[in-house]
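There are two complexes below, and they share chain A, which is joined by chain B in the first and by chain C in the second.
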Partner chain A sequence: MSNFFWADLGTTLFNSAVLSMSVFIFASGLALILGILKILNFAHGALFAVGAYLVYSIVEWMGGAADLMQLVAAVAVSGLVLAGIGLAADTVIFRRIRDIDYHYSLIATYALLLFTEGLIKVIWGVDFKSVASPPEVEGSLIAGGVVMPWLSVFAVATGVLTFIGLEYMLNRTNLGKLMQSVAVDPWMSNALGINVPRIYTLIVVVSFALAGVAGGLLAPTTALTPGMGIGLSLYAFGALVVGGMGNIRGTFLASIALCTLDTFASSYLDLTPGIAFFLAIALILTMRPTGLTRGVGL
Partner chain B sequence: MMRISLSSLAIGLAVLALMLALPAIANQGVVFFAAVTYIYIVFAFSWNLMFGYTGMASFGHGAFFAIGAYCGGVLVMKLPELHFLLVLLLAGFLGLAVGLVVGFVVRKSSGVYFAILTIALAQLVFLFVSSSSYLGRDDGYSGIMPPVVNLGVGKLDLSNGNNYYYFILGITILTTAALWRLVHGPIGRRLRSIQQDSQRAEFLGVNVAGYRILSFSLAGMVAAIMGALYAPYLRIATPEFAYFVFSAQPVLYTMLGGMHSFWGPAVGGIIFGMLTYLTRTLSGFSEIITGFTLLVVVLALPTGILGIRSLLKHARRSGERGKTQ
Partner chain C sequence: MKQISRRQTLAGIGAAAASAALPWRVLAQAKDPIRIGYLAPLSGASEVIGRDQLIGAQIAVDQINKEGGLMGRQVELVVRDDGSKPDRGVAVVRELVGSGINLIVGIYASPVTLAVADTLKDLNALLMTQCSALTSLTYEKFTRNLFRPTEFSLMRQRGIARLAAMENPQLKSFGCVTTDIATQIDAWNLVHDGLLEYFPAMAGHAVDVAEPVRMPAGAADYRTQISRAMGIRADALYVGMHGGDVITFLKQQKAYRLLDRFQMAFDAGSEYFVPKTMKKETPKDYWTAIHWYAPAYAGNKISDDLYKEAVTRTGGDKYPQGYLAEAHTAVRALATGIQKAQSTDTETLISAMEGMSFETCKGTRTFRKEDHQADADVNYIRFGPADNEDGWEVTKYQVVKGVDTIPPASPGKAFELTFLAGAGIKPLK
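This part shows the complex of A and B:
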């Protein structure tokens, strides 16, 4: 009996890790734009879907069954393409909505979401598509009675690597420090000679690229539909608010806490997945209308 | 005393005549589409009560529409002898009650936090209705039959001919009139003061939190009534009503038509409705066109289509001033 208990607990913990890291990978790009430009990008979910579809097309073009290296290459290409789209979107949209009332910026990014979803439907159609998982990550790792598909282990590892990479970039590199100073006080940064508009453009480009990479990496784990990013983006919004509006470390911890709570509630209390997650957010925002942290900086 | 100019009276009468004559001049598809658009427009009016008049941009307003739709659907099916007008009213009260609770929860929240909080709460409603087996899970509560309404002078079977169209027209006009009275009265002025500067309003003695709750719950009530009116017409209530995408519909209408005018959402709704109708067979293109239109509006005309008028007036006035000086 106790064996079952531990195996069950192990499985639930593993599922929590998979969900948390999927949400975090998704939320990291959103967090950058939110933390520095103070814009909540509703379109991130659609960009995520574009990333996944691009990987699908590249894999199809390469013959349908990619090995791990080819998949990684396809993900890199999709990240680059999204970076290009980000540059265009910055010129046409984000540059114009930086200094206007946040209602309008929310609505503008919502419009971008609709536009991108429509584009996906026109290019790839509305039918389900799927990306086969590479042969290297097929099968499962079995430890202590817990079955962990290699693909999910791969997703968790990617999430942790994304976190470490972003933390390193923001805290240990010159560019990251510039970004932080712009996030805290754009006016003062400008006065000190930092090219603030260029940092803004860079943030949009990096955030779009992260959406593409996230969509590409998670593509083998789900069915591809034009609205595939919406569900994850609702989770990510929650993690962002609780984690402090663009704080990468906070978002990482909030993703883990909220997703673990949700996974445990759905496997032990038989709640529909998501209920515990959104209930927790509503409770937190009721008690602290501006989230748990002060919300400045990354 | 409100003055109603001759030209707006003429426009109103012309629109009313067109709406009354529509079943005689258009095919069934257009009539159905028009009735749905009327409901969506009043739904958008209720959203604009929060946004244009009180300054709160909810991204989860569809939850109230869903609450009304499910409540109306269940009541019509389980208690067929209940008068349909009473069903609408009960659905409205359920929306009002939920709105009071949620309004209390969100009263202090603003900006992005408010947006995400309303999304989270709507998502709870979505998850609840899509996992309840009594309400039909993901497939929705289906097979709702349009009821027979006893009007005192006679019985109106809503499943017959164009009866339901006229019933929707009547209810939406009544609700619109009530909303118009509300926002043009003392309550509307107080709400507007909160929208313009909530700190100053508070300082002048307006109970800001109280009026925010009032605006939120009245908007919830109207949305729920519209949901209850809609479900038997469509013969189904689906979880989609509570979904984030559906909640954006009123945002679209309002931004397109103009948030600072009472009739803005109606203008936006008509234009958006026609765009959707014309592109309905082109999967994907309708989103592209809608998204593109909305982007152009937000980037180039943030005051909406009705806002152009005041912009032009302003330009003309400053032009005249330039001439006289």
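This part shows the complex of A and C:
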């Protein structure tokens, strides 16, 4: 096998990793809220967009350019702001739709999506926006012929760290164990004295914060538009369904599996991008209708 | 002598009074404004374009009214949002016609124009499009009730091939990255056909064209396709993308330095969106098409007045999008037709406007009698990053005359990509 073959393979694997982690970072917040509250939050893409626009505003306030640490700080602020919005949204919306028919919760979150997109247009307008890449991550790491933009390396690292962080929180901390028990049996959890409504509120807040962080992290790599979350939303919903409807580990695995398949198909089979992704969803669900993972909701 | 009774006298006075009132009623109708329906995408993904188009159309109407209106009547724009959706466009046009409006200006999205065009004859309405670029509207989908005062995809894409031959005759090969949607595939085929015509004719040699790399529209990640495009061995790159997609692509390719590998890079026509959004991150020496580059028409009173008003109404934006100018042109074209015909009747107007010349911000244009297509100039700009307040600047511009790129009319028949066919190359599907 020639050096070119290995470089090409390496590039495709790296691109798969970038897409997988971008999808996972986006989908993680969605998985949390679906896994515990059993609510499919249609507005997640719009919240992702709000996170991106917040980072844009912060960077503009800094003079239109930010170094890496300033960008990280802006992303953290974006996460905090979205967390606050999540608290408000829980009080006004999510608390009221927890125990109702899921059709109504879908309508409610869709309404939140439309409202949020409208709010973005009112605050930031409809013109395209852009966040400049920090100078420290503008170039690429080249190893063995494989071109790895530093910003992409940063995205992959963030995705892996997000997964490790969520895994640790859910499986190694008391809070995480409380969340898991609430996800499995909220009635029994309540009977045992767990403050279930507070857990639910915390999940909404964390989910919104994750959407804000995802938007902020991916902002330097894309044009900002009010509807910018739609593209990743489709991939994220696919990963959620294949992953096991709200299972974090499943979502992580599904993101990797589906995005790797899609990237390889686009690169080597010249298939229209996206086709392989959705074909893979159909195939996996045919073989495993409950998704890749089973067991507890998270 | 017959005696006239008091009753007869009173009846006569009453009849005289009634007949004296009649002309006043006619005069009142004559003073009613001329209502013109205006469609634009004021919501949805193209809202950023529709917003500017509405400004251009309104400027035109205000200027016309300031000059005394048309046929002694003021002009009123009845604005509707088509949301870039064909079914909504048709419903809105039917609503306008139902309320007595037979003259429609506007529509940006070609699918909407296509859907509306099918209804015009039955509704006895006339549509003056703005920026609907689809070639077939004045070819196989031609309808008498539609006029296109602006350049369209065929002129624009062939124009950029001509531009490449004029600017860089040394180029020997071209590559392409394109979103996988019909309008962009269509645009690439036109560019390809143009390259095969203009390079032998103007540069004295043929060019090789590589297989395009397809991209998904609306994606957040183009890195896989950018990695594939790194394998393109060519002198120049055509980027068949627009809107947010081209900005995302240009941002992501930077780390790969993809554009640095080519002597010339150009796209299908993204106006000022790229440099205004990317500012200092704007790629260097990047060509694009723009509907109206105001500095190229300095001294043209319509252009100068339009520019001043556009800057004011867009809140001080020194770089108003060309879409604004084409909306302005569409309204003025219709106004010229009404003045010429001294009528707002559909059939009378159609007859009056066939072969009609009209003044615009880009000079004089003329509607061809056969296909109602005007010979509009196409403007191209090359821009790059700059150390100024805007972060970017236009480094060069070219005006390609419409008559140099518009092929012969053939209403009712599809445009044939004769140079592709001659080279035995199948168009991209």
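One rule holds in what follows: the second predicted complex is superposed on the first by the 285 of 298 C-alpha atoms of A that agree within 3 Å, B and C clash if a C-alpha of one lies under 4 Å from a C-alpha of the other, contacts with A are read in each partner's own complex, and residues count from 1 in each chain.
One rule holds in what follows: contacts are C-beta pairs under 8 Å (C-beta built on N, C-alpha and C of every residue); 3 or more make two chains touch, one makes a residue touch a chain.
Worth saying up front: this structure is predicted, and the values here are computed from it rather than measured.
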item: Overlay on chain A: chain C relative to chain B, clash or fit; value: clash
item: Touching partner for A:138 - first (chain B), second (chain C), both, neither; value: second
item: Which superposed partner A:223 touches (first chain B, second chain C, both, neither); value: second
item: Chain B versus chain C as contact partner of A:107, first or second or both or neither; value: first
item: Partner chain(s) touched by A:241 [first = chain B, second = chain C, both, neither]; value: first
item: First, second, both or neither for A:188, with chain B first and chain C second; value: neither
item: Chain B versus chain C as contact partner of A:274, first or second or both or neither; value: both
item: Which of chain B and chain C A:126 touches, first, second, both or neither; value: both
item: Partner chain(s) touched by A:164 [first = chain B, second = chain C, both, neither]; value: neither
item: Shared chain A contacts, counted only where both chain B and chain C touch the same residue; value: 121, 126, 227, 230, 272, 274
item: Chain A - residues contacting chain B, complex; value: 34, 40, 93, 96-97, 100, 102-104, 106-108, 110-122, 126, 226-227, 230, 234, 237-238, 240-241, 245, 272, 274-275, 278-279, 281-282, 285-286, 289-291
item: Interfacial residue positions of chain B with respect to chain A in the complex; value: 51, 57, 59, 105, 108-113, 115-117, 119-121, 123-124, 127-128, 130-131, 244-245, 248, 251, 255, 283-292, 294-295, 298-299, 302
item: For the chain A and chain C complex, residues of the former touching the latter; value: 11-12, 15, 18-19, 22, 64-65, 121, 126-130, 132-133, 138-140, 147, 149-152, 218, 220-223, 225, 227-228, 230-232, 263, 266-267, 270, 272-274
item: Footprint of chain A on chain C - complex, ascending; value: 45, 47-48, 51, 180, 214-216, 218-221, 223-225, 227-228, 230, 243-245, 247-248, 251-252, 254-256, 273, 276-281, 391
